[in-house]
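A, B, C and D label the chains in the order they appear, each numbered from 1.
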Amino acid sequence: ENVKIALVVKSLGNGFFDAANKGAQEAAKELGDVDIIYTGPTKATAEAQIEVVNSLIAQKVNAIAISANDADALVPVLKKAMERGITVISWDSGVAKEGRQLHLNPSDTGLIGETIIKLAADYLPEGGDVAILSASSTATNQNSWIEAAKKVLPEKFPKIKLVATVYGDDDSAKSTDEAKGLLKSYPNLKAIIAPTTVGVVAAAQVVTDENLIGKVNVTGLALPSEFKKFIDNGASQAVALWNPIDLGYSAVYLAHDLAVKKEEAKPGATLSIGRVGKVTLDDTNSAAMAPPFQFDKSNIEKFSKIY
Amino acid sequence: MKAFLKYREIWLLAAIVALIGLISTRFPAFADPGNLRQVFNDTSILMILALGQMVVILTRSIDLSMASNLCFTGMVVAMLNAAHPAIPIPLLIVIALAVGLVLGAINGLLVWRLNIPSIVVTLGTLTIYRGATFVLSGGAWVNADRMSPDFIGFQRAAFLGIPVLSWIAILVIALFFVLMTRTALGRSIYAIGVNPTASVYTGIDVGRTKFIVFCISGMIGGLCGYLWISRYVIASVEVANGYELNIIAACVIGGISIAGGIGSVGGAVLGALFLGIISNALPVINISPFWQMAISGSAIILAVVLNARGERQQGRIILKKVEAVT
Amino acid sequence: MTDVPAPRHIPDRLDKPLSSAIFSWEALLVVVAIAIFAVNSFASPYFLDPYSLSDLTFNFTEKGLIAFAMALLIISGEIDLSVAAIIALASTMMGMAVQAGAGTPVLVLIGIVVGLGCGAFNGLLVTRLGLPSIVVTIGTMSLFRGIAFITLGDQAYKGYPESFAFFGQGYVWWVVSFELVLFLIAAVIYWFLLHRTSFGRRVFAIGNNPVAAQFSGVRVGRIKFILFCLTGLMSGIASVLITSRLGSTRPSIAQGYELEVITMVVLGGVSILGGAGSIVGVVLAALIMGLVTFGLGLLNVPGIVMSIFIGLLLITVIALPIVWRRLRGGRLA
Amino acid sequence: MDTTARHSETDERLPASAPRLALSGISKSFPGVRALHNVSLSLYPGQVTALIGENGAGKSTLVKIMTGIYQPDAGTISIDGQAVALPSAHAAFGHGVTAIHQETVLFDDLSVAENIFLGHAPRTRFGTIDWRTMRKNAHEVLDTMHAGHIDADARLRDLGIANKHLVAVARAMSIDSQIVIMDEPTAALSMKEIEELFLLIEFLKEQGKAILFISHKFDEIYRIADRYTVFRDGEMVGEGLIRDAGQSQIVRMMVGRSVDHIFPQRKAEIGAPVLSVSGLSHPTEFRDIGFELHKGEILGFYGLVGAGRSEVMQAISGITRISAGTITLDGKAIAPKSAADSIEAGIVYVPEERGKQGVVIGLPIFQNVSLPSLARTSKSGMLRLAEEFSLARSYTERLDLRASSLSQDVGTLSGGNQQKVVIAKWLATAPKVIILDEPTKGIDIGSKAAVHGFMAELVAQGLSVIMVSSELPEILGMSDRVVVMREGLVAAVYDNKGLDAETLVRTAAGIAA
C-alpha cells in the first residue's frame, strides 16, 4: 500500500502551484512508495479549503501538505486531521503552530522582506518613493514579508520611502486598478513592489500601458515564465522567487519522512529534504528552504523555460 | 416618459459632476480632461456590460451569467491566440462574439422554451460556464507571455488620440441607442417590461424576444471577454469572479428598474461611469481601499432610494381637475 | 331570493393527497438524493463511514440554516443577497468582543443580535421605503462586508475562548454534531411555521398576490419585515457556527455563500417568483448539495467542477418536470 | 331590470352575406376543465354579434382562440371562406383580427402613439422606427374616430379609463382589421362612456367590420347587437337575429331555466347610525367627504368612473392614508392604518379590481376565502383545515360558485366565478359594515340576482352595506339612499324615493338640471 500524500494548494490553476506539483511528483518518484493527490479549491478561500481537507480526512490520506489561505481558519480542521492520525505540514503559506507539525517557508521571511526592498533599491541609487501592491489583505505570507520589509527599511535603506501598501486580492482587474491608482496618487513613484505573481504582472502591464517604462520600475516576486516579457521590455529590472519545484519537492519529502519514518518535528531538529539539502526547525517548528533567487535580463531566458 | 427619464439622467449626471468636483478638491488633477478620458477608458468594459445587462433587465429578466460568460469566452480567445497567434484580431473578436452568443443563446433557450425563470437559469449557468472554463483550460492560466502583441495592443492603440477600447465603448453605446429608440425590437423590449401579458396580446413574441435579449447579453459578455483578457493580460478561471453584481449595480445606479420596462442607454452608461469613478478615485484620494466596498454599497442604496422616489406613482389626482375647473 | 336554485355541493378535494405526493417535487428530490447516495457509495470506498458522513453534514448545515429563512423570504416574493455579508459583519463584531474580553455567551448573543440588526435594516429599507429587495440587498451586501473590511482591514481576530469552539466543532452524541442537531431542529421549526401556522399561510398569500393579501387584512409590511429579521437572525446564528468552526474572523469570511444558499432554496422547489415552496424540499436540497460536493470531493474533483454539477443539477431538476409534462401532454394531444 | 329591445338600424343588411369569420367544431380543455366543446360562431361584415353566456361559459376562451393566444384542441377557423391557422397573436393580426380583451392589455408607461402602433410601427428606409410618421398616423386614426382630443404623445398612464378604451379601439383601427372583438368592454365604463363607445361601434359597423361584442348587460346587447350566439357550459346552445329573440328566451338558453331579475323586496328597517364619516380628505384624491350609514341600510355610491369613490372607500378601510377627517363606528372614533385594522373593527372592503386586489391566484379557493378570517379559523396561530373548508363551503355554495373542488386554484375559475370567491371571502369575516365596490361587475345575470339577494339578506340581519356601483338600475334597485360623487367631492345625497335616473346622471356629470 502506497503512502498517500495530499498536496493542498491555495487555488488550482496558479502557475506557481502547478510548478510545485511538478516537484511533488518528482519527489514521489524518487521516494517510490508515494501517491500524490494534488488538490485545492478554485476559489482562494479558507472555507473552500476546509471542505477539501475534510474530504482528504475521509479518504484517510497519510499526510497533508498545505499552503493555506488563512493561517487561523484552517487550524481546527487540520487539528482534527492530526487527531485522526494524519501527518500535517504547511508550506509556502503557513498555518498557525497548533494546526500543523511543521511549516516549510520557501525562504526566510526576513530575507524575503529584505529582498523585495533590495530589488527596488538596487536600481534607485538616489532613493525615492516606492509602494507595495500585495495580494489579498488576509494572505499570511505576504503580510509577514511586508512586515519584515518595513522593519529593515529605516536601517538598511534610509533613502527609500514606502508611501503606500495596497491590496489587489490576487485579482488581475483589482490589481490593475490599484496599480493605476498608485501611479496617479504618487506622481513621484519610482518603483512598485508586488510580492505576488498576479500583482506583479498587473503592475508591469500598467507601467507598460502608461508608457512609464524607465520611470517606474516594477519588481517583486514573479514566476519567470509569466514575467519574462516585462524583463524584456524593461518594465522591470529584476524580480525574485524561490524555486517552486524545489518547494513542492521538499514539502512532499518532509511530509513523507514525518509520516513514514516517524521523524519528530521539534525545535532544533534537522531534517533532510533530499536533493535540496537539509533544513533546521526553529522554535515555531518552521524551517526556511533556500534564499530567494533573483531573475534579471541575464538569466530570465533560461528559467522561463523551467517554471 | 421621456421628459421624466431625462430628468432622472440629468440628476445622475449632476451627481457625477458633483462627485468629480468633490474628488478634485482633494486631488485637482482628477478633473483634467486627460484623466477623465482615462477614467472613461477604464470604465469602458463595465459600460458595455451594463448595456448588455440593461436590455435583459428591461424585459423583467436578469443575466447572472455575464461575468462567467466573459471568463469562458476570454479563455477561449486567449487559448486560440496562444495556439495560433496568426489569427487576426478582428476575426478573434468575431469568434468572441460568436462564443458569447452561443452561451447567451443557451440561457435564452432555457428561458424561452422551458419557461424557467431567468434568475434560476443564469444562477445555474453562472457556475457552469465558469466551471467549463476550468475544464477547457485544465485550470492553467494563459499569461501575457503567451499572448501576441497584437492581441494585447489592439485595444490600446490610439485613434484620434483615444484608445480603441474607448471607441468600441462609444460604438456599442451608439448601437444600443439606436436599438432602444429606433427599432421595433427595442420597443418590444420596453413593452415586455411594462406589461408582459399585454405584450402577448399585442402580438409580441415574448419568449422569442427574451431569447434575443439573452443572445445580446451573451454577445456583449463574449466581446468583453476578449476586451477584459487583453486588458488585464491574464486569462484564468478567476477572471471577473463576482463581477456580475457590479454590472447589475451599475444598472441599478443608472435608474434601470429591476421590475422591468424603465431605463435608458444613458442611464446604464452613467451608472457604470459612477461606479468607475468611485473605484478610480478612491486610491487616488488616499482613502483606504478597505472603505471602497462600504462606499459603493452606500451609493447603491442611495441610488435605489432616489430612483424609487422618482418612480413612485403620483396617484390619479382627481381633485386637481376640480381646481382647474373652478 | 326564491329563484336562486339549491346550492351545488363543492367537494373539498378532487385528488387524493397521496397521489399528489408521489408526483411532487419532494419525491423527485428524494429520488435524486438516493441516487447520488448510491453513486457515492459505489464510487468511493471511504463514503460509507460514520465519520465521513458526519463530516459531510458540515458542507450544508450552516448554509442550510440560512436557506430555511431564505425560503420563507423568497416565497413571500423577496430575496436577501446580503446573508454572507451579514455573516462577515456579525463575525467581525464577535471578534471585536473577544478582543474586549467577552465570554462565550456574550459572543453568541452578539452574533445573533448583529444578524438580527442587519436583517432589520434590510427589512426597513424594503418595507418602509418600498424598495425592491434584490437591489437593496446588493447594496447592503457591499455595505455590511465593507464595514467588516473597514474594521478589520488586513487583520484577523482570533483567540476565541475554548468553550466557543463547541458550536462549530462540537458533537452532541458520537458523530452527531451540534451543527447537525441545530439544523434538524430549525428544519422542524420552519416546517411548522410555514406549513402549519397562519403566519405561513399569509407568507404564501403575500407571495402570490401582495395587493390582494393586503386588502384581505394581511399586514404585508410587518410580515416581510419579520421575514427579513428571521433571515438576518439565521445568518447571525450561521455566523456563530462558522466563526466557531474556523476559530477566527477575517472580513472575507463566507464569501459567495449567498448564491449557494439561493441555489439550495431554488433546488428545493421554492419558486423564485414567490408563492410556492416547501421546507421538506429545502432540507432535501441541502442534503443533495452536501452529498454532491462531498462525494465529488472524495474523488478529488476540483471544487469548480463540482459547481458545474450543482449548476447542471439545478437546471435539470427544474427543467425535468417541465419537459416531462410537455412530453406527456404531447402524447395525449 | 326592464329592457326595451331596440332594434338595430342596420336591419336592411340582414340576413347577411357570407360570414367574414367562421369558427366550427372548436373544442378546448384545460387540465380538469372542459372550457369549450364543439362550438361554432360566425361573424358577418358590418354586423355586431353578441356572445352571451354565464360566467365560465367559455366566452373569453373563445376570444383567446380567435386571437391566436390559445390553440384549440380541435376545430377549424376560416376567414372569408379560407381555412386559416392562428398560431400566435401576430398571426391573428396578419389576418385582420384584433381584440379589446377583458383584462386591460395596454402599456401604461408607453405613449398613446406607441400603444397604437406597437408591433406594426412605420419604418424608415433604414428599417428603424419612423417616429414622425407614427405620431402623424396616430393623430389620423384618432381623428377618424372623433377622438382627436387625445394627445398622441401623452403617456397612457395619464389618460382616463374611457380614453384608454378609445386607444385600444384606435389600435384595432390602425391595424386595418376586419374583425374586431370586444370582451366586456363596458364593464369598467360608466353611462356616458358607454354611449361614446357605442357611437364608435356604429362607426366601425359602417366601415363594414365584423364585430363580436361580449357583455352581461342585456340593455347594451339589445342596443347594439344585430345577432346573438349563446354559450352554456362550453357549448353553443343557440344563435340568431337579436330582433327575433326576447330577453327571457335568451336567458333561458343561457341558464337552462328562466330568471326574472327583480330586485329583492325588503322592508326598510333602518336603525341608528353605525358608521359616520366627516371631513375625510386626501391631498390629491378627495376632499371633505361626509356621510352617515345606518344599521340595516344599503347606501349607494354613484358617480362617473374616476369620481374617486373607490379611493374614499379604501381610505375608510385603512388602505389609503387620509390627511384629515374622522371615521366613527358605533360611536367610537377609529383610525384604521391598514385593512387588517378595519377588518378587526368590523368594516370590510370588497375591492373592485378582482385580479389585482381580490383573488390570490396561486392559492386554492378555500385558502382565498379563509385569508381574512385566519384569526378565526386558526387556533393560537395554528391552522385548522376543517374549519377553513367549512367556512369556505358555507359561503361559496350560497353564492352558487362553479368549481370542481375547493382545493382548485382560483386562477382556473372564470372571471365571474372569481368574483364570487372574492365576495365570499369578505362576507366570511362577519363584518358590521360591508363596502362592496362594483360587486356585480362582470357577473352574469343569474349570479347577479344571487348577489343582490345576498345583500338584502345581509341588511335584514342588521348589517350595513355601502354599495359602489356605476350601474344605474342596480343603484336605483338596491339602495336606500344614494351618495353621488363627482371629481373627488360629494355632489349630493338623495333619498331613494321617487329618485330618477336622470337626476343621478346629471348630478354625477355636473350638468345643472
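By our rule, a residue touches a chain if its C-beta (ideal position, glycine included) is under 8 Å from a C-beta of that chain, and two chains touch if they have at least 3 such contacts.
Per UniProt, the chains are C = Autoinducer 2 import system permease protein LsrD; D = ABC-type sugar transport system, ATPase component.
Keep in mind the model is a prediction, meaning the values are calculated, not measured.
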Fewest hops from chain C to chain D - one hop per pair of touching chains: 1
Pair exhibiting more inter-chain C-beta contacts, A-C or B-C: B-C
Geometric centre distance via CA averages, chain D-chain A, whole Å: 74
Averaged-CA centre spacing for the pair chain C and chain A, given as whole angstrom: 37
Separation of mean Cα positions, chain C and chain B [Å, integer]: 29
Averaged-CA centre spacing for the pair chain D and chain B, given as whole angstrom: 43
Two or more partner chains touched - positions in chain D: none
Chain C, residues touching no fewer than two other chains: 149, 153, 251, 256, 302, 304
Residues of chain A touching at least two other chains: 12, 42-43, 137, 167
Pairwise chain contacts, counting only pairs that touch as defined: A-B, A-C, B-C, B-D, C-D
Partner chain A, residues of chain C touching it in the complex: 44, 46-47, 49, 51-52, 55, 58-59, 149, 153-154, 156, 158, 165, 168-169, 242, 245-248, 250-256, 293-294, 297-298, 300, 302-304
Sites on chain D touched by chain C in the complex: 32, 73, 257, 259-260, 264, 319, 338-340, 342-344, 349, 351, 356-363, 366-367, 371-372, 374-375, 378, 381-383, 389, 393, 396-398, 400-408, 425, 429, 446, 449-450, 453, 456-457
Residues of chain D defined as touching chain B within the complex: 67-69, 88-90, 92-93, 99, 101, 103-111, 114, 118-119, 121, 123, 127-129, 155, 282, 284-287, 306-308, 311, 487-489
Sites on chain B touched by chain C in the complex: 110, 114-117, 119-121, 123-128, 130-132, 134-135, 139, 237, 242, 245, 248-249, 252, 257-259, 288, 290-301, 304-305, 308, 312
Complex contacts: residues of chain C adjacent to chain B: 81, 125, 129-132, 134-136, 138-147, 149-150, 152-153, 251, 256, 259, 262-263, 266, 271-273, 302, 304-305, 307-308, 310-312, 314-315, 318-319, 322-323
